Each structure stands twice: as structure tokens, then as C-alpha cells.
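Multiple structures are listed underneath, in C-alpha cells.
Shared between the two complexes below is chain A, which pairs with chain B and chain C, respectively.
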Partner chain A sequence: MDSRLQPQARSLHAFASLNSRDLRRLFPVVTVLLAWLILKSMRSQSAASLQNEAFVTGYSLASICVLLMLLGVRKRVLSPQIGRLAIWQQTHHYLGLLSVGVYALHANVITSGWLESALALSFWSIAITGFVSWYVNHTAPKLLRAAGSQILRQDIPVRSRLVAKQAHELALASAGKNDTAALADHYRVHVSSYFTTRRNWIYRISPSGGKRRRLLAGLENIDRYLSAEGRAQRREMSLLVQSRDDLDFQSAIQNRIRLWASAHSWVLGTFLVLTIAHVILAHQFTSSW
Partner chain B sequence: MDFQSVFFRPDWKSILRRITETTRNALEFAASFRGNCRPYGISFRLQTAVYHMRTQTSDLVAIDRPLRWDHPLDPEMLTRDLQWMLDQPPFSQMNPDVFPSHSSLEGVLRHDCRILRYEPGDIVIREGDYGGSGYLVLRGSVRAFLEALWQPRGKPSDPNHSSTWTEWLKQRFKPSSIAPATFPESNRREGSRDGSQTAAADKKRPIPLQQVETVDGKSRIFLQDINAIIDGFQSEPLGVGEIFGEMAAITRSQHRYTVVANTPTIVLEIRWQGLRILRRDKTFRDHLDARFRETSLQTHLRETPLLRFLDDASMADVIAQTSIQSVGEREWFSEYRDTQKLDVQTQIAREPLIATEGHAVKDLILIRAGFARLSFEQGRGHQTIAYLGRGHIFGLAELSHRFRNPSDKPLPYQESLRALGFVDILRIPSELVLTQILPKIRNSELPKPIANPRYDAGGLVVSNTLPQSRLGNVQSAEESLANLETSLLEFLVDERLVNGKQTMIIDLDRCTGCDECVKACASTHDGTPRFVRNGPEFGPLLFAHACMHCADPVCMIGCPTGAIARDQDTGVISINSQTCIGCKTCADSCPYSNILMIQVHDEKGRAVVDRRTQLPILQASKCDMCHELKTGPSCQNACPHQALVRIDTSETKALANWLNKRVG
Partner chain C sequence: MNQYRLPRQPFKCGNSPTGESCPVGPVHGRCTLSQSDPAGKECRPLRTLIWWSRSIQVCATLIALIGVSLAWSNLGGKQSLAPGPLSSAHAQLLVAAHHGNNSELAIPAESRCASCHPGNETKTAKLKQSDLCLKCHIQEMPDAVYGSPHDLHGKSLEELVANGDRPNTQSTWAKLVSRSPIDWQNQSSECSQCHREHQGSAQNLNEMTSERCQACHRNAFHSFSSDHPEFKDYPYGRTTNIEFDHVKHRDLHFSKKAATFDCKTCHIQSDQVGVVGQVFRSVAFEQACASCHTQPIKSAIQDGLIVLQIPSINRKEMKSFGSDILGWPTQASLLTDGVVPPIMRMLIESEPGGVELLRELPVSGRLVELDVADPQGRATLLKLSDMTKQLMQKLANEGQPGFRSAVENLLSKSGTLASALPSNSKKLPNDWLDRFASGIPPDLFRAAWDEWFDKANTPIALGQNVPNRVPSIQVSGKSSGDEDDLLTGNEESLLNPTDNSLLSNDPKSLMAPAGKGVSKSERFKDSRAWDQLAFGGWMIDRQRMAIVYVPIGHADPWLSRWIELEELRQTQSPNHRISLAQQCRQCHALSSLNRSVKPEVSGKALAAGSSMIKKTSADSAVPLIKSDEPLAQSNWSVAFRKANQSSFSQQWPSEERENACWKSEKRAANLRQITKFDHTPHLTLPKLSDCQSCHQLNPNNTLASRQTEFSPMQKSQCTDCHQKNAAGESCTQCHDYHVGIKGWIEGRPARP
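Let's turn to the complex of A and B:
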């Protein structure tokens, strides 16, 4: 861009250079911002006219929460399918963003009273699990692709057993021969448990390649004790170690997606009950709207 | 044994059965509230529990294995009518001994045929509709319109077309009307070079209005003022003993013309399964083949946009000199399965050559049906540039170059053309193209001259470069060709995904494996998903094992009952569970393993078995694009990440557009 352009002209030029995809992305953000500004001004007006502004923001927040919950209804209703689920999901994300803004207008981050604190806690739990779920959904596909072709979750245990069986047979084939026996010994001591047992909780929460790398390095180290045939078998074993790690990785990532989505909906029940109680109490103990 | 032990000994088996029955009923009651809720939730678990309990506690249901002719096309056919048909030509001239005892001529006429009666103006077949039957005129006469009676809609019939809920709402509140037939080609033959004559002619022409009338509970669709329409549009009379519509049935494609009853007419509809058996009679087969060649050649040439400027005399000349050729096997799937195991270069070498690069251009090649690979030699192999389908033309660039530069030596073919499975082509001799066709085409419509030919009259000029214009050698009727990455093109061609009209593609850069698509599919189809979220992959694109509703659905070829059939309007191929006999022919024929055989259960969830052998009764199951839902395929609607799409991969344009959008 021409450096002599004024800042305003530069920003205008930047706006003009936005393609339709950028504009499509920008539109909901601007809408959310506008909606928030409108609610903020409504709250100010309400306060100026000596009304209880908490009702404006409170009912706005409750309405948004109802709209947010409609995603779950849409997911369960198949006929008629009102709009594509992807559009509902996108709307859910932006409404979620707006709900955080409206919450900030309605209440402080730290609230007093056990009911309000519990309500705030459940709201933030939903918001945080929702955000994490969104992030996980965005990053998971690339992580899954990095571990080879995507495997159906229900197929993973079967495939894992198959890989373990292949490794065991390979170890058995290498046992009893001087040229290859080192591989069988190494398998028995260091590798067999890797194939036969589940990965630990830490791996399942945050999968890493540490164990795989250690096992592969250990396998490479025994090359000096192997003949050419043994080395070929060792390479095969390394591939099986890699395959098993890929399967575990796929399983961990797919479970992570489900875990966060489930957590997001689990907190919802608590939030609903607390919200209803909060609304009743608010009406009970507040004299005017 | 005392009294107490006889009468008061608890019968644990009976108690357990009672508890099980009661629980089952309770679960069934709870599951009945499921409504349209999706499975895999609580209701689905209830249903699964009910299913398991049923299969554990109930007996199997034994039935007679369904047979081929259990469901005749016309269950009310009278023996008198059958006898009358047998006395009519061509059946009276057929040799009944050529038909096997299990598929006798009488059996075919009784079960695979039906007599249809039409009044003047009644539409028998509509251009653009998919056909699965041939029609034989038994009495009266019909008119086959060689010109399109209706202008094509903006887009070919597409089940996804009304997939949005706003469109669904519009459809709900709009008064019902008969949709005009859709046309595979967007361009039609015009009367003159600038189209003015056509416009003027159109003004004088009557507008063919389709009307619907219900007589005796049966609805008929007819054209108003048939005589005026016959006068206004070019048509051909078909009389007693003539067959029509068989072309679409044989090639499993759309009708190329509309046929309307001219007088009170009796027509015999012969479904494809019967037609196949009748072809055993040599005279009938020869007649059918000759008619097929003649009709398809004429119709295709008249529909080719390149020839729209020809006057009637020149067109007649072109029709007379053009030859039609079928390359490859119609039932190509078995050979494809064998060659799939070979390495790519051997596979390509085995594909029948239609035209060879470096050879003199003797003909202009028009593709009528099927797909062909456009490639050139690269090193020791062949690089694919594009795949050509119906309506594409090969060799035009070379002939155009020769036409523009008459003093130069003629250029040979710059690329090779190979049949992918089965291809029908028309060959127009080069000299005829140069003298009769090219002089009448606008310069702007001709391909640009080949500046840097890969081959010239002396042979190979440049060995290691791409052809100057990747698609310069191809004239597309619909501009449906778009540049795709070579490796993707080669993948699509090698996997024969070019056949797909509704290919399911999953973008693995977006898919989280949440299985919402599978759940939605299962929920729409009584708990059994109709596709597998698995299949060949190209980079981040997964081509799932879901029926692609192919351009050439080879699965339909062998179906003995016609249970697997194509919807006339939408082109969606679905299986009629009432007439499917579970012979597995379609599943074995599908080159993509997209048809599964599943065990049949009755409405109470009990497994159905053959009474005689006690073996399970199977039925074919495949994606039906959720045609019962107004909102389109539920898999696509249910994907929360916009990862799943259904795309027409038979033309590169749709795929290229989606890929461009995807990259952003």
C-alpha cells in the first residue's frame, strides 16, 4: 500500500480489500457488538428512569440463554430440520459471546450470596467449557490428521488389539534365533506392556510423544545386536509402535472432544435450576422493575 | 412329590419371562415417546434395550424367500390381455425357445410389462426425466419431439436444491404445480447463427402447457392443444411396433426427447429387467440396437451446441456421415475390480484407447455417454489433464488450428483419450467438420490456435512440458470443466469417483469425528445408518462410502426385480424394500462398495429368516438422499462443522468451486 496515504484512507483501503469471506466473518462480530451496545444503552435508560436496570439485563441474559439452549433442541429434532446445524452452531457461538458481555452488564464477576455465587460459578463453567469445546473442535481435526488417516472411534480398540497381536507374533518369530533374539528379549522387557495395557490418565488428557520416542530410541539401540533380518524385523516393530501411538492419540483427541462437549451440557442442568430460583427470588425481593 | 411342591414351586423361568415382557413393554412405551428425536440419546438407548430384549426373548420369523416375480409391474394384468400381447408383433415373431424356463416370454410379459392407455395429448415420457423402461406402441401412434418443448430451468434437477428451510417453507405454502422437465444441456440448437430466427419463431410457436387431470382416480398429464404443438415443433411419428424410451433405460440416463400420444394409443411399458431378457431374441436385439444407434446419434447431434448453426441440409449430411461407437464394457465394474489391484500405469495401459496422441486427426469425437480420461505421456507414464463426460468434444483444437491455418501442415492429436469403463462416442469425419461445421461457427467460439504444439506433423516436439492449454483440446457444452490439481484429478479418475452425482466428501480439516452425520442418518432410517464414515482419502478430503447416485449407476444393471431404481425427477437412486429380494447383485456390482446387505427385521424387531433354509433374509441398503425429508440429506444438515458436503464430481466445476470456497 502507498505509505503516503493518510491513516483514514489506509483503513478505508483495508476495508475495501476485504473479500466476501472476511465480510461474512465480520458481520456476526459487528452484530454482537451492536446488540451489546444497544443493551448497554437500554440499561442506562432504565437506570435514568429510576427503573431496576437489573431486570433489563437479567431478562436479556435469560432470553439469550434460552436461545443458546435451542441448539440442543435442534440437534435432537430431525423433522423438520430447521436450518443446517452448522448455522445453528455458528449462531450459538456468537450468542455465547454476547451472553458473556450481557452477563458483565448484569452482574459483577464476583458476587455475594451463596445462590448468586453458585449461579455465577455455573455460568462461568458453562462459558469456559463452551469456549474450550469450541477451541478443541477447531484444533482437533488438524491434530487427528497429523496422526494418519482418521479412524472411527469405535474401530480403535479393535485396531489396537490387531496391532498388539502383530507385535506379539513378530516377537515370537524373532525369538529362538541368535540373529534376532535381542528383539524378542527387548520386546518382552520394554515393549510388550505398551501394546497390552491402556495408556495412563496423563496421556489420555494430554497426549504426548514422549513414550513413543523412548520406545523407538530403545528399539533403535538394539540394532547392533541384530542381523540384517533382525533389523528388518526391528523396523517393523518400530512401525507397530508408531501405529499404536497413532491409535492412542486418535482415541485421546476424540475423547477430549466428547468430554468437553459433555461437560458443557452437564453444567447446564445446574445452571437452569439456579436461574429459575434466582428469577423467583429476584421478583420476590424486588419492589419494582 | 407333594402337593405344595407341584403347585407352589416358583417357576423361575416363567417369572423371569414375565419380568422381561413387562420391562420390554415399559421400555417400548417409553421409546414410543421418541417421536423424531435422534438416537444415541436416552431414547436410542431405550430402543436398543428393546431391540436386544426382543432378539433374546422372541422367536425368529420364518417366511418364504422373496422371488423375482413376486411383485409384477401390473398385478391386475388379465390373461386375455397377455394372450393378445403374445399375438402382437414383435412378440408373435419371437422364438420362445431362446428364453430359459425360469424367464419365459410369457413370464416376462406377465410380470415385467404393463399396458398403458393414453388419450391424444397425454405425455408418455418427458425429456429430462430418468427412464427405466422401454415403451412399445401396440395400437395408435405417438409423436417424439426432436426439439425441446420447454426451456431448461437454471439448474439441473438437484435433490439439494430445496434444502434450506426457507425454501422448504416456500414450497409448503406455494400452490402445487407440475415442475417442468429439466434438461441435461443448457444450450440447445438454435435456428440461426444469431438466434434471432429462433426468437421470432418462438413468438409464433404455441406454448406447450402441461395440464393435470384426474380421471377415474388416475391422474394424467397432457399437453393442451396437441395439434398446434405438433405443428409448431419438429416431431417424428412412431407407429405400431415401434419402441421408444429404451435408450434411457439401457444407458440408465435421462430421456432425450418427449413423447406424446397422438391418437388414442395403447403402449406396452417393458421395464428394464424384462427388456434385458427379451434381448435374448436375436431379431429383437438387432432391432433394438439399430434403433438405439440411430436415435441416439440423431438426438445427440441435434443437441450439440457446436452444431446449432447448421441448416437442415447440412445437419442431415452430418447425421449421415457420423458414426457411433461404443468403447469398453457396459458392465465395466467387474473388470475395474480386477484392474484396481494393478499398478496405476498398467491400469491406464488397459483402458481402451479412443484417440492416441501424435496420431493424425481423422475424426472429431463427441462423447455421448460415459467418461474418458484425457492424458498425455509424461516420462514413462501418463499424466491426466481432465476427464470428459457427456457433451464434451475432443479434437476440436487441432481441427480449429487447421481451419485457421490452412497452409500449415495439420497437427495430430495433442493428447490421448481413453475410455473409463464404458463410453459411447460419435465420430464426425475431419473433412466434414472442416467444410460443413467450422465455417458456420463464430470465431470467438472456436478454440485458440495451438501456438506451441506438443506434437506436429513430424512427431513429438516438446516432451516434458504440459500442453499449452490444459483444456484447449476440449470444447465443453456446459463449461463444466475447471482446472483441478493434477493429483486430485488423477485420484478422482483412478478411483472412478468421476461417476458420482452426489458424492459425499468430508473435509478432514473440519471433521472432528463427532458422528452427528452417522447418527442423523441412522435416525432417519430406523436406526441403521446408510453410509460408512470411511473411504478413500485425498489429502484432507475423505470420499465416504455413501451412494454417489452415479451418472452411470451400474448397480441397476443386474437387479432382477427393478427394486433399485432411479427417481424420474431427482435422479436419486433408491431401493424399494418391498420388491428387493436380497439377491446381492447390486451390492456386488457397485464398484465403490457403497451398498450393504442388512438383515431384515419385522416391525416387532424380530429377525426374518427363510422358512426352508432358516438362513437370514437380507436386503440391500444404501443412501437414498433422505428423499422423504423435504430438507435434503440429513447427514449434510446435521454436520455442525460444515465438514460434510454432497457434490457432483462428474464435472470438475462444482468440485473446483467448493475447493475454492474451502480455501477462502
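Let's turn to the complex of A and C:
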């Protein structure tokens, strides 16, 4: 093949090899991009004809924000349920992306004026929490799957208590014999607090396996002091430690998901109030639009 | 295990962590189990994330509501709602007014926004924002009240639109999505459409993107070099009142003198800054021209300008035909010769019967052509002598006012001249008229009369058709014809040596009365008076029997006024024009009579009947220039009218107005025109320091057939540097928007 055609051919080949899934993923991105370009063009034309282009972009942004808020309405309206929630969610994500682009057309990142700055701050708070929430929701399932079976967040404390109870009973059982007493001693000194107390806030923000690995290593180290029965008990204890860690991990990840999702709406009311004030002031104090 | 799921409840059972939660759960934050069984196990409901989230939402919303309400209710000052700080130019006004000592000027906090934004206050309620802008900016842009493109209106706007590019080149898409808010018919556009405030203190409100210009100039300019139209005749569209042949001076005069032909010598004044920097179309005569032209001017004026001359009439020949002029000076009685000088002609014309007398004179003006044998010829000579005496009596008696009134009478007689004057004034400019009489020494006329006619104090028989006349000069309390008359040399006269007048004992005075036994002519050497009048003045020329004015040289104020008068009267015959003016006309384009030149556009527009009305909030409509009368369309006459417009004259100092029509038109430094240029930054470049790199003489052009001898500038001369990433190519670098009528008229190039 002619060398000049190779890059083009590769592009065509890559495009042709796209499956429907990839195309479905590309479609909304392209749509958002197209919409943004249209708005940009409208803004330029508005500015070129001596209109106040901020009204064009402002009302576009306001319309997009209203559409974004409809997701919350859809979630709360039980009947009638229009469309699948997943589609609503996806639309919400892409509209959010578009809203950031339109904001860039409407105003600077750093604004001046108290009202406008507060409005910009609330907008960016919502946008950033939205992006983080999207990212967390995108990456969390894989993490959760790796951490064991599905479990509801409300059930995690009960399961944790159950695991703690099992570990305690196992420790009691190993304490009565000399060849297994080391396990009980080790449990009492190093492991019992792990089952009875909550993980610290660092773990809850950013869970890691460090403590689990230390505990498991510590349990393995006492194998030489245990009989065969004791080692079996030790392995059971290790499984309980693993289970507890899984539960804590699940709790942390699920809390993370909920927290960011919740934070996404903390300043929604503020945003609405400031937006309304901004629109009223813009119309009141602008002579030409 | 939990009996229920509570995904969106603000509270959950207090026993949830233990796994012993009740199946009902808390209701409105209270445990139903506790409620139902006070003696039972106490359970305190726990707040969920939902509760915290909603609490944060409510608190944040309340804070926002309170903050906005406070700001809106003026407690925090409405300025806290401003979208950004004002530019420093505007911000300082509000601050200064607030902190000033004058309480009347202080702007209350709640009214500061209303300074620029129409609000509910009575003063600003019915105004538009642009009206508030123009409350301060009206002086800079008086025509901006119309809110029309380039602040033009009426026919000027129509002409601009007719000659400009049209909004027909937009793409279909552009037409769909855009609309121009500028309604050409109603002429409404707001200041804020282009000038956006609240962008910070360092913001320059005058900065404008080229896209804004293209709101109307719809031929999109992607770059200056590719899209801007070619220059037509820039910058040489304007005519000049100075006739200067650059090619001839460079190739002939300067080369003959081996002098350097340097543009900067004549076009740069380092102590002044004009519209285009320190470069001017012309500079003072002393700087540019005096080194070569002073001597020729001196040579031309050395004989002076005859104002009044006693005609030489052969009395003997007259007597032979039965006519005589008694009391006529002997020195002027030998021959019938000479011409009536131009100024004297005009003075004669101003007198009753003067017009008829001038008609009787020969066309050439030479008296020798009058036939003494012809009774008509003799009558004409008699009338001329009579008129001469009459004039001298009048000027000697009335002095400067007499001179002035003579000019005024002359002008009022001319019907066409009246139409050349500003129509908003039925009177001639007073200071212009005063100049005709300024400096004239009445005593000189008296002395001349005394010298030439003092013996003729008896009534003169002037022939059949001319009434007797007697000298009308009187001394107070003495009757005419008395021997004690003022002009008889009586010791009690004002010419007494004891008097402190100019004509007293000064031994150098030519007018000093003779001492006893010595005739006047014998006391002093009768030298050529211009030897003694090297710096200008008046004299009696006994050789020519005339009163002569010796101009001071270039730009003589008295001579200038008479030449202006001649131009306004459009005196055609060369014999009747002031000869000294020929020297002036070599360099000053005084009229179109002596060269074929196309009239300036403004004159053309005037003749076309356009009129401009200036409308301000204070003034009613005042026509600035009314142009529907036929008049001489020479550049000079237009310049003369403009210089004497009462409205314009208020802006110019009198010394500027006086000779304005002789000079190259100097634009006011604050005058905006659509195309602007400043030489200053350009001249710093070595490549452009030579003026001829841009201003190239075209030897093929001749002065008679064109308005300029320079080749028009090419766009490529500018695009070499004015590119996007170099010197810049935005529209506002070279073009102003706020032009207004005055800038448009003065800056519009002449069109063929």
C-alpha cells in the first residue's frame, strides 16, 4: 500500500471496526460537541450584531440547568415513570458536560462581583461534585465486586457485628487448650480491637489493605506455636479478618458514593436563588440585549 | 437482619448498628417504640446522610436568600450587587463625589448605580442609559445624541451608507442566526452595545474588537491585508489653501541653490502636536518659506500700495475747452495721466454716484484714454476730481470710522456678496470690518489735504453738473471756510507744534508743519519713504501724489483684508485688482479664478443643498451652514465663510480666525475622523523616517489639473507591518467610530 495512504487507511479501518457499543458511546459525545459548537456560533453572531451575547449564553445555560434538575424530579416521581432511569442518568451526565462548556462561553472562570462570584462558586461546586460523583460511580462497582458479594449498606453493621461475634467465639474456643492458646492471646492483644471498633477516618475516605495485611501476617506468624487444630483455627480467624475488611471496604466505598452524590445537591438551593437574582439584575441593569 | 430498608429517610432507628432495629422505624425523628412504651427500652433515632444533606441545603439556601435580600435592600449598598468593579475612569467619579467636601456633589450610596443606570428615581426614570452616558460625554461627542452609526445623521448618514459596503454578503447561516439591532431608519443604538463596563479597573472601555465593527461592515475582515479595500486617494483627498509645487521646488529651486529638500523642515513642528502627531500640512512662513521668499516679497512691496491718488489732469487743456478745476494741486495739473488705484476704485464705488463714475472711466482705468475734447470726457474728469476731494475730505474728517463705513457701504451694495455670508448672521463680522480701518492715520489725510488743497478753501467750480463743494473739515466753534480753519496752518490748530500729537515737533515727522520761512519740502530730504518705512506704515508720496501704505511684509493684516475683499467681490479685470496681491496668489490659492481646480467636496455638498442641524438638549435646531444659495465655490471662499461662522468663531481665537482662509486648514486636535493616523510612532522606525517612503511625489501630476502632486498611498505600504502578530490590524487602530458631523465634513475626501 502506498505509504501516504497508510495513516488514512488506518483511521478508516479503525472507524470501520467500531462496534455498535462504541458508536453508542460516541454518539452522545458528538452530540454534546455539536451542541456546544452551535451555541458558540450563536454567541459569535450575537456579538457581531452588537447584541449582548451574554443573554444568549446565559439563557442557554439556564435552560440546561433546568433540564439537569429534572433528573431529581424523575427520581422522586414514582408515577408516571417516563423513560428508564439509566437513560435519564446518562442524559444528565452529558448535559452536565455541556453546561460546563456553555458556562465557559458565558463567563470567565474567575468572576468579579459578589453575586456573580457566589453564583460561579455554587455552579462550580455542583459541577465538580457532579464530576467526582460520576467518576466514583464509574469506578466503584469494580472495587465493590472485588470486595466480595453484594451487600446493602444498611446491612453492613449487622454483618460486622456477626463477624466480630464469630471471631470472639473462635478466640474463646482456642483459649481452653495449650496448643491453641497462642491464638487466643494473639486475638486478645492484636485482633480484638479490629473487630470491635470502627475504622479511622483516613480509611473511610481512602480505604486500603494495609491493616488487613498486617493482621494476616501477624496471624501467620503464630502458626509455629499452634498445633494442627490451632492452625485450622488460625486460618478461620484469618478468614474472619478478611471478611471484616471486606465489609469495611464496602462500607467506605458505598459511603463515598453516597457522599458525593449527596454533595452534588448541597448548594442547589443557593444556586437557584443566586441565579434568579442574577437574571433579574441582568435584565434590570442592561440597556441593550 | 434489618426488617426494613430506609434509603431516603432523614432518621433511622437507633438500634440499626446493632442489627436490632425495629420494623417501624422513627416517625418524624421520634422513636415510635419509645412513644408507645415510655417504660420500654429507650431508642434514640440516628440522623442519616439524607438529614445532613437536606440541612446543608436549607442552611445554604437561607444564607443566600438573606445575603441577596440584604444587598438588595441597600443595607449592604447596591454596589455589592454590581457584576464587577468599574473601570478606573468611572470609579473615580463616584469615589470623588462621595469623599468630596461639596455635599451637593456627593452621590448617596443608594443612587450611585442610578448615575449610569436609569432607575426609579425621578431624575432618571424616563431616560435611557445612553442618555445618562451623554450627560457627561456630550461635549466630546455632541452628535452622539442621535445614537446613529458614526454619530452621523440625515444626509451625511445616507451618504455614508450609500458609499459603504452593504450587509448583503453574509452567509445564509449568519443571516439566520443574527439580526442587527441597528435600525437605520430610526437610528437607535446604545452605548452599552459596544462599551461594556464592570470588567475591572484596568479595563479600557474604548477597546473594541473588529467583530463589532463588522456588525455593520458585513464584509468580514479576516485580515487587513486580504480583505480591507484598497486605498483610493488617501491621504490626499483634501485640498489646501497653499499652492506649493513640490516637484518644482525639489528639482528646480532647491537644486539651483544647492539646498537640501527635506520634508521635515516644512512639515514638522516639534513644539506642537496636531491631529497626526507633530507633522503638519504646513508650518509657519518663517520656518518654511522665509529664507527664500522674504526678499521677493520685500521687493514687491517696496513701492507700497497706493490707497488714494490725486489724478493728474491737464488743467491747461481743460481750460482750453472752457472747463477748469480750481484749487487742484499744481503738481497734478500738468498731464492727464495715471490710473485710478484699485483701493481708490472701491472707495469711489462706496460713495453716492461712484458706481456711475466708474462706469464712465475707461475699462483699462487709464485716464489718458479720456478725450478732453469730448465734453463727456471733461465731465468725467471733473467728477473724478470732485470725488477725489470728497474722499479725502471724508477720510480726513471722519478718520477710521469713515474708512470702515466706506467698506461697509461697498459690501452692502453687492447683492451676491451678501449671500456669501453666514446665513445665521445678517451682519458682516465686526472684527473683520474693523481691520480695514485699523491703523489708518487720519492726520495723514489731513496733512495731505493741507499740502495739496490747503489753498483751495474757496468753493470750487466743478463744471455744470457737479454741485459746489467746500471743504467740510471744521475746527470746533468755527464755521467752514473761515480763515481760522484747522487746515490753514493756524497756530491754534491741532497741528500746532505745542500739541502732543504725532504731527508735532518731531523733526523726523514728515508731517511736521514748516518753521517760519522754511517750506515743508525744504526741511527734510524728500527721500523714498520706504527707506524710512522698512517695517511698514503710511506715507504721503509726493512724487506720485498719493497716500501710500507700505505693508510690513508677509501676512500684512491690512493688505490681507483688502485682498479678501477683492476675492469676495470676484473682481475680474486684472487692471482693477490690487497688483501686490499677485505676489500673494503665487502661493496662496485665494480663488478658483486663477487656477483650474475642482472645488472641495464640502463646497459641492453645500451647493447640493444639504443642511445639517445640530440638536442638543439645550439648543433648538440651529442651522450651522445653509447652502442653498449660489456662491463662489472656491476653496478660499468656503474657508472664509467657515472662519467667520459665528458658531465656529467662538472656538477659535481671533488671531486664528483672521488669517484662517490663507492657511492650510488645521484640524482641531480633538477632532475625530473616521480614519486616524499618528505619525509619531511611525517616525521612530528607521525605515519610515524618510517621509518619501510613504509620501511619494508623482512628477506626472501637474498642479493645475489635480488636487495633489503625490501618488496615493497603497495598502501594501501599511500591510507590511500591520499584520495580526506584528503591528496589529484591528479596525479601531486606524478608524474611529464616534466621528460626528464636524469630523465627517472636514475629513471627507474630495471626490471627482
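In the analysis below, the second predicted complex is superposed on the first by the 277 of 289 C-alpha atoms of A that agree within 3 Å, B and C clash if a C-alpha of one lies under 4 Å from a C-alpha of the other, contacts with A are read in each partner's own complex, and residues count from 1 in each chain.
To be clear about the criterion, a residue touches a chain if its C-beta (ideal position, glycine included) is under 8 Å from a C-beta of that chain, and two chains touch if they have at least 3 such contacts.
Computed from a predicted structure; not experimentally measured.
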Touching partner for A:Ser227 - first (chain B), second (chain C), both, neither: neither
Touch count on chain A, higher of chain B and chain C: C
Touching partner for A:Arg84 - first (chain B), second (chain C), both, neither: first
Which superposed partner A:Ile257 touches (first chain B, second chain C, both, neither): first
First, second, both or neither for A:Ser208, with chain B first and chain C second: neither
Partner chain(s) touched by A:Leu152 [first = chain B, second = chain C, both, neither]: both
First (chain B), second (chain C), both or neither touched by A:Thr31: neither
Chain B versus chain C as contact partner of A:Thr196, first or second or both or neither: neither
Which superposed partner A:Val273 touches (first chain B, second chain C, both, neither): second
Interface residues of chain A shared between complexes with chain B and chain C: 152, 258
Sites on chain A touched by chain B in the complex: 19, 21, 75-86, 88-89, 136-137, 140-142, 144-145, 149-150, 152-153, 254, 257-258, 261
Contacting residues of chain C [partner chain A, same complex]: 1-2, 5-6, 12, 16-19, 49-50, 52-53, 56-58, 60-61, 63-65, 67-68, 71-72, 80-85, 113, 117-118, 128-130, 173-174, 177-182, 189-194, 198-200, 209, 211-212, 214-215
Chain A residues within the chain C interface of the complex: 41-42, 44-52, 111-116, 118, 152, 154-155, 157-158, 161-162, 258-259, 262-263, 265-270, 272-274, 277, 281, 284-288
Footprint of chain A on chain B - complex, ascending: 36-38, 41, 164-165, 168, 508-516, 520, 523-524, 533-534, 537, 540, 542, 629-631, 634, 636-643, 664
